[in-house]
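Next come the structures, one after another.
You will see chain A twice below: alongside chain B first, and alongside chain C after that.
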Partner chain A sequence: MISILRTIWKVFLHLFRKRVTIRYPEERPSLAPRWRGRIVLSRDPDGGERCVACYLCAVACPVDCISLQAAEDEAGRRYPSFFRINFSRCIFCGFCEEACPTYAIQLTPDFEMCEYMHRNLVHEKEDLLISGPGKYPEYSFYRVAGLAISGKDKGEAENESAPVDVKDLMP
Partner chain B sequence: MNETIMRLLMIAVVLGGALFIASGLIWLERRLLGLWQDRYGPNRVGPFGTFQVVADMIKVFTKEDWVPPFADKAVFVLAPAVIVATILMPFAVIPFAPAMQVINLNVGLLFFLAMSALGVYSVTLAGWSSASKYSLLGGLRAAAQMLSYEVFMGLSLVGVVLLSGSFSLGRIVEAQQGLWFCIPQFFGLVVFVIAGVAETHRLPFDLPEAESELVAGFHSEYSGMKFGMFFVGEYLGVTLVSAMITTLFFGGWMGPLLPPVVWFLLKTFFFICFFILLRASLPRPRYDQLMALGWKVMLPLSLMNIVITGGILLARG
Partner chain C sequence: MATIFIDNIPYTVKDGRNLLHACLSLGFDIPYFCWHPALHSVGACRQCAVKQFRDEKDTRGKIVMSCMTPAAEGTRISINDPDVKRFRRSVIEWLMTNHPHDCPVCDEGGECHLQDMTVMTGHDYRRFRFRKRTHRNQYLGPLVNHEMNRCIQCYRCVRFYRDYAGGRDLDVFASHNRVYFGRHADGLLQSEFSGNLVEVCPTGVFTDKTLKEHYTRKWDLQTAPTVCVHCGLGCNTISGERYGSVRRIINRYNRDVNGYFICDRGRFGYGFVNSGERIRTPLIRRSKSGEMGPVSREDALKHLEGILYFGARVIGIGSPRASLESNFSLMTLVGQEHFYAGISEQEQSLIDRIVDILSRGPAPAASLKDAEEADAVLVLGEDITNSAPRLSLSLRQAALNKPMETARKMRIPEWNDTAVRTALQGRRGPFFVAATAATKLDEIASGVLHAAPDDIARFGFSVAREVDGNAPDVLLSAEMTALAGAAADALKNAERPLVVAGMGCGSEAVIQAAAQAAWALCGTGKKARLLFIVPECNTLGLGLMTRRGIGAAVKAVAEGGGDTVIVMENDLFRRADETKVKEFFRGFKQVIVIDHVRTATTGHADVLLPSCAFAESQGTYVSSEGRAQRSFKVCMPEGDMRESWRWITDMAEIAGRPEGKTWRNIDHVVKALAGLMPVFAGIEHAAPQAGFRMTGLRIPRQPHRASGRAAISANVNVHEPKPPVDSDSAFSFSMEGYEGMPPPELIQRYWSPGWNSVQALNKFQEEVAGPLRGGDPGVRLLQPGPLEVPAYFREIPPSFRQREDSWLLVPLYHIFGSEELSVFSPVIAGISPEPYIGIGDQDMKRLGVNEGDAVAVTLPGYSRVFPVKKTAGLPEGIAGMPAGLPSAGWTGLPAWAGIVKKVLHKEEDRHA
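So, the complex of A and B:
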């Protein structure tokens, strides 16, 4: 009996509490820096595409929402000829971001991507590519990778020593 | 002639007022529940969400008004009308102010009890005519619950009648001139409030509906405005029981400074809010607990109240 009255009183006291609701369109919620929202493809500091079309994101994706086709340009750089993310399937798990070896695919704190048509949720490469480097401003894959492309031969990357001549007997 | 017009006007005012308050409660209840749960409730349609009522009405009216093919059609259609009618009737005998009353029955209290007893038919028939097991279970529960709580409701008011010496609600209010009956009839008040909650089958005593077990209980099969009628009936019931608590235990229209009607409405509003607070705070008891509370606690309490009140009145002479 006392506990019932106490319950009623305690609930009544909620009259003087602050409400927890955030009235969304007028008030914006504060999103965590690591919020996993809309997926973007970033560029390296020089403005080139970071994606090397390794398919690791497509493999890691548990719902198979990423599809792409690898291609290679005349400089020897790999890039995706198309890159498509079906956001009506995406579960925003962030596995693609973890799998990406070049920091190309990144999840951003943006969730406002409603559409009236399902097919408008399929984002193509033009929709996904952003102009900047995203979360890792200094990183450029071809500057640190050992892969030879035109204008940068083997051994010329940052922190890379010249390649060993295997036919030379000298230590 | 003039008398008749005044009477008709009074009926229109009371009818309109009761329905207006009942529909306003749709909004008020959701706002208050929101307040007590640290959220907003409906706040989009119109100022503070007050037009939510209109939006809900439009929605209810445009819903498909469907009668299940397996239902007993005539009874199915009749049941929701019965609850609204039986709950609207007692508003006729409630004195809102000294001369503001549709009819001053000398058995007003009995009329109220009789009408609220008739309300049982509505839910029972609704549950039975739906010919669905959840509805039937809800209807059965409603019948058992409302009939048993009817007993204590009547018994709890005997003390009030003893003190005032009349069944007329106007006389009962006048008898509270010196002291409101909530003090000498405290146990009567407690029993009446609990029985009133059970009569209107509101939370925590909403076992006939019990959405966690019975879908929506006796009105599972109802849709559209027929469902709306049950809804309006429930809110009318809350208003009615609040008005009766005010009239019987809290001095009706009596109060200083403000005009009598305002006092009556303020007190009624307070008890409506209390009803909503009960809904916000208390969980639903098990069915056997509800019955045990009724017959093992409420009945002895109300009988004791009668014996003590009668004894004191006799001793005083």
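So, the complex of A and C:
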């Protein structure tokens, strides 16, 4: 009996506490950048598509909702020819972002993704690709990778020396 | 057997092993790079270090390379000693100083031995702050990709390519940390085995360029065990599929067959499965002259009801590239007496001869492993590198067996590769090649003969005579007699002599001569073996099923007529003259063709039914060794495509045959065949049947980490489709199922915790490089006859006589081009030769032509103009023509042909 009364008293006291819920959507919350919401594909500082279609996000995804196909342009740069996320399956765990070696795939603080049609939650590359670098403004994978692409020849990546001259006999 | 102590626990290991081999076989994980079970040890990478102790009292020990240390009795080592662990970690760290930051864009990623070993040693943080050395890549042709930055200088590539496969155009250049593995200049890798670099190289330097076109990680590939369909050797392969297309093929280990390697035709020839030439829907010709129109499966079957009525005279033409099951179902549908093998008359008589010899004579058929172990080899009439490529790799190893005795005498262990090769000093054992033109194996031969097929046969008969005086005598030139004598001596002195011949030069006499030589050797008490090369993946199987080829079919129809012919997976225009085939088809009211690619024959169909290529069908194939092997579906056929035997079972139902109702899965067909023909009794055991389960579970075709199943088809339908059910095998089309090691016939991929690369294979073998756990797949169907030598062949062809006005045109084989299916793959078509006429030096003078000049070639009913190509080794009076090129048209070679120089009048010439 006493414990019931105590509980009622405690609940009553809550009437005078500060409110934590807000009147969404009239009021909008401010979410931290690391909040895990809508997934985007970003671009590197030069504006190129960041995703190199390595399939790591797809394999990391615990619900298997990412599917893509790797392709390569004439200059040797890899990209996904299609990239699909089925948001109706996504649990916003962020594993894909953690797995991504290029910072291409990023979760953003946007959670307003409701749809009337189940199938509209299937997003293709066109829906995912944003125009900027997202949370990581500096990083460009190809500046550190050894692959030659247009505008970056062998030996021109960070911390690389010029290509070896195989005919050189110097010790 | 020797006892060694690993971290103070005794283990028994086989004699003559090195520590690395022994420890890996015992299931220990020791990282390694330069050692390879087939290439042995050189001690180059320093990765496989262990600590060795003198005795129980020794506590300090010393670090040794396990791959270079014999696992001798009483050896005491530690794998987990902290010093040695630190040593191994620093070796990797040091290799990694120059390694690029490439894994995400590297095709090796996810199945990279370097990644595996790095994780295994525990090197996880880059401390090195200086610059990385870089390299420029080379263009190595359309098959193999080169990304030299990733090299860790293990030397495996050159050791495989040069030492093992005999290639010359890949080598190591430059010095110290600049060493470069590549060609002297950009260009197509010339070895027929270049694709093995993809598996041999532990990093992403050499990767599969055809995979790159539709790149998929290993963890996403849906894979199944398959059997290569591009020649008669029956190499075991693993094929991988993703998003409905075949993505790549890798080697599947079978110690008795292909071991660790396959040829480039088998690895890169799969493109025909994805090609635009596939037939995807049933097509029906509404009126005799009309166009073919697509119909549904149901409509096609309804249409067939009007054709396969009771009492219709139907004949069936089978195919050497179709499975036993498909051939047998066709035979059942039309009746044994109306079933024909659909191979040319010449092929039929050759395969009949081979079947007789292998089942009657005392010499057993040799497996590829037997070939590799032979210590004296006689090759008659085959350009093996091009007609049965994988065999040439085995024979290159066989040539080292005799000289190995030197190394053994010097007490050099077989695995000490550098020491062995130094001891051998490039010497090779007895190896005799008789062929119509120069072959790549000539370079390792101790005696070479280039002659006409008849003379090759005479040479073979003469070898037999030299071995056994009771064999009939042959008169040869002094030179040939001496060579025959030398060959006979070598074969007589060998322990495991091998005679290789085949259907390649189109001569029955050559096949008989080979048998004669082997039998003569058997008569002297030798364990001689015979290896007959057959052209297609099921030529021998079909040869065991029926003895009637296309010639018999033509004759039967000319005599008795027919209403309908069913041609299954066969392009008859590759088997007989165009006019003859056309006339044959005209003899029928209806031509039903079942095939998976468009060929000249499908153009003559009134009903064309889409069948499945190897990747979408299950079936049993009999290799040239007489080994029945099962190949499994990698993916489900799309739409209305179905296996030939399923179409035929539907037809059987229409025709009112009981099989139409009772053959529900492929096991029923296999059982019926095994029951009906005793020679096929063994095929039921070629692999576990459809009802087989491991702990109640199916075996998953997809790896447990396969990704994307909730998204792959979400663009079409957000609800995931139920995976198809395979009613023919124990495999599932999903990632669910038994996780452990499947039985050897059902190994669908190599993976083991910590071992993501193909080197996980170590875990699937009883002993590394030994048989697979549970035995090597396949059932041998042919048992040799009684030990005594059968009556010798006494009909010896007369020696070849050059003719004034005509040339004997012989077939010249090309690994890329001569085989039917691989040429439908765009990459293979791109590296296949254009038709030409090969002429020897002397004859070029006689004809007054130079390389590139045009000559007109006339055969009965055939006249074409081809450019001349100088072909080394062709004897006088003999010309060659590339075999099987679709653009050359069928010509039953060898045949006498008129060849005249053709002066092409060019536009400019006339103006001048």
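A few notes on this one:
Everything that follows uses one rule, which is that the second predicted complex is superposed on the first by the 145 of 171 C-alpha atoms of A that agree within 3 Å, B and C clash if a C-alpha of one lies under 4 Å from a C-alpha of the other, contacts with A are read in each partner's own complex, and residues count from 1 in each chain.
Keep this in mind: contacts are C-beta pairs under 8 Å (C-beta built on N, C-alpha and C of every residue); 3 or more make two chains touch, one makes a residue touch a chain.
Because the structure is a prediction, the values reported are computed rather than measured.
Of the two partner chains, chain C is the only one that A:64 touches; chain B does not reach it. By the touch criterion stated above, A:119 is placed in contact with chain C alone, chain B being left untouched.
Once the two complexes are laid over each other on the shared chain, residue contacts for A:147 go to chain C alone; chain B is not touched.
By the touch criterion defined above, A:169 lies against chain C but remains apart from chain B after alignment on the C-alpha atoms of chain A. Within the superposed three-chain model, A:88 lies in touch with chain C and out of touch with chain B [touch as defined at top]. In the superposed model, A:52 lies in contact with chain C only, and not with chain B.
When the two complexes are overlaid on their common chain A, residue A:159 makes contact with chain C while staying clear of chain B. Touch counts on chain A: comparing chain C and chain B, the chain ahead is C. Overlap of the chain B and chain C contact sets on chain A: empty, with no shared residue.
Chain C meets chain A in the complex at residues 100-105, 109-110, 129-137, 147, 149-150, 173-176, 178, 180, 212, 214-217, 219-220, 243, 705-712, 714-715, 717-718. Residues of chain A that touch chain B in their complex: 4, 7-8, 10-12, 14-15, 17-21, 23. Against chain C, in their complex, chain A makes its touches with residues 52-56, 58-59, 61, 63-72, 78, 84-86, 88-89, 101-102, 118-119, 121-122, 124, 141, 144-148, 154-155, 157, 159-169, 171. Against chain A, in their complex, chain B makes its touches with residues 34-40, 43, 277-278, 280-282.
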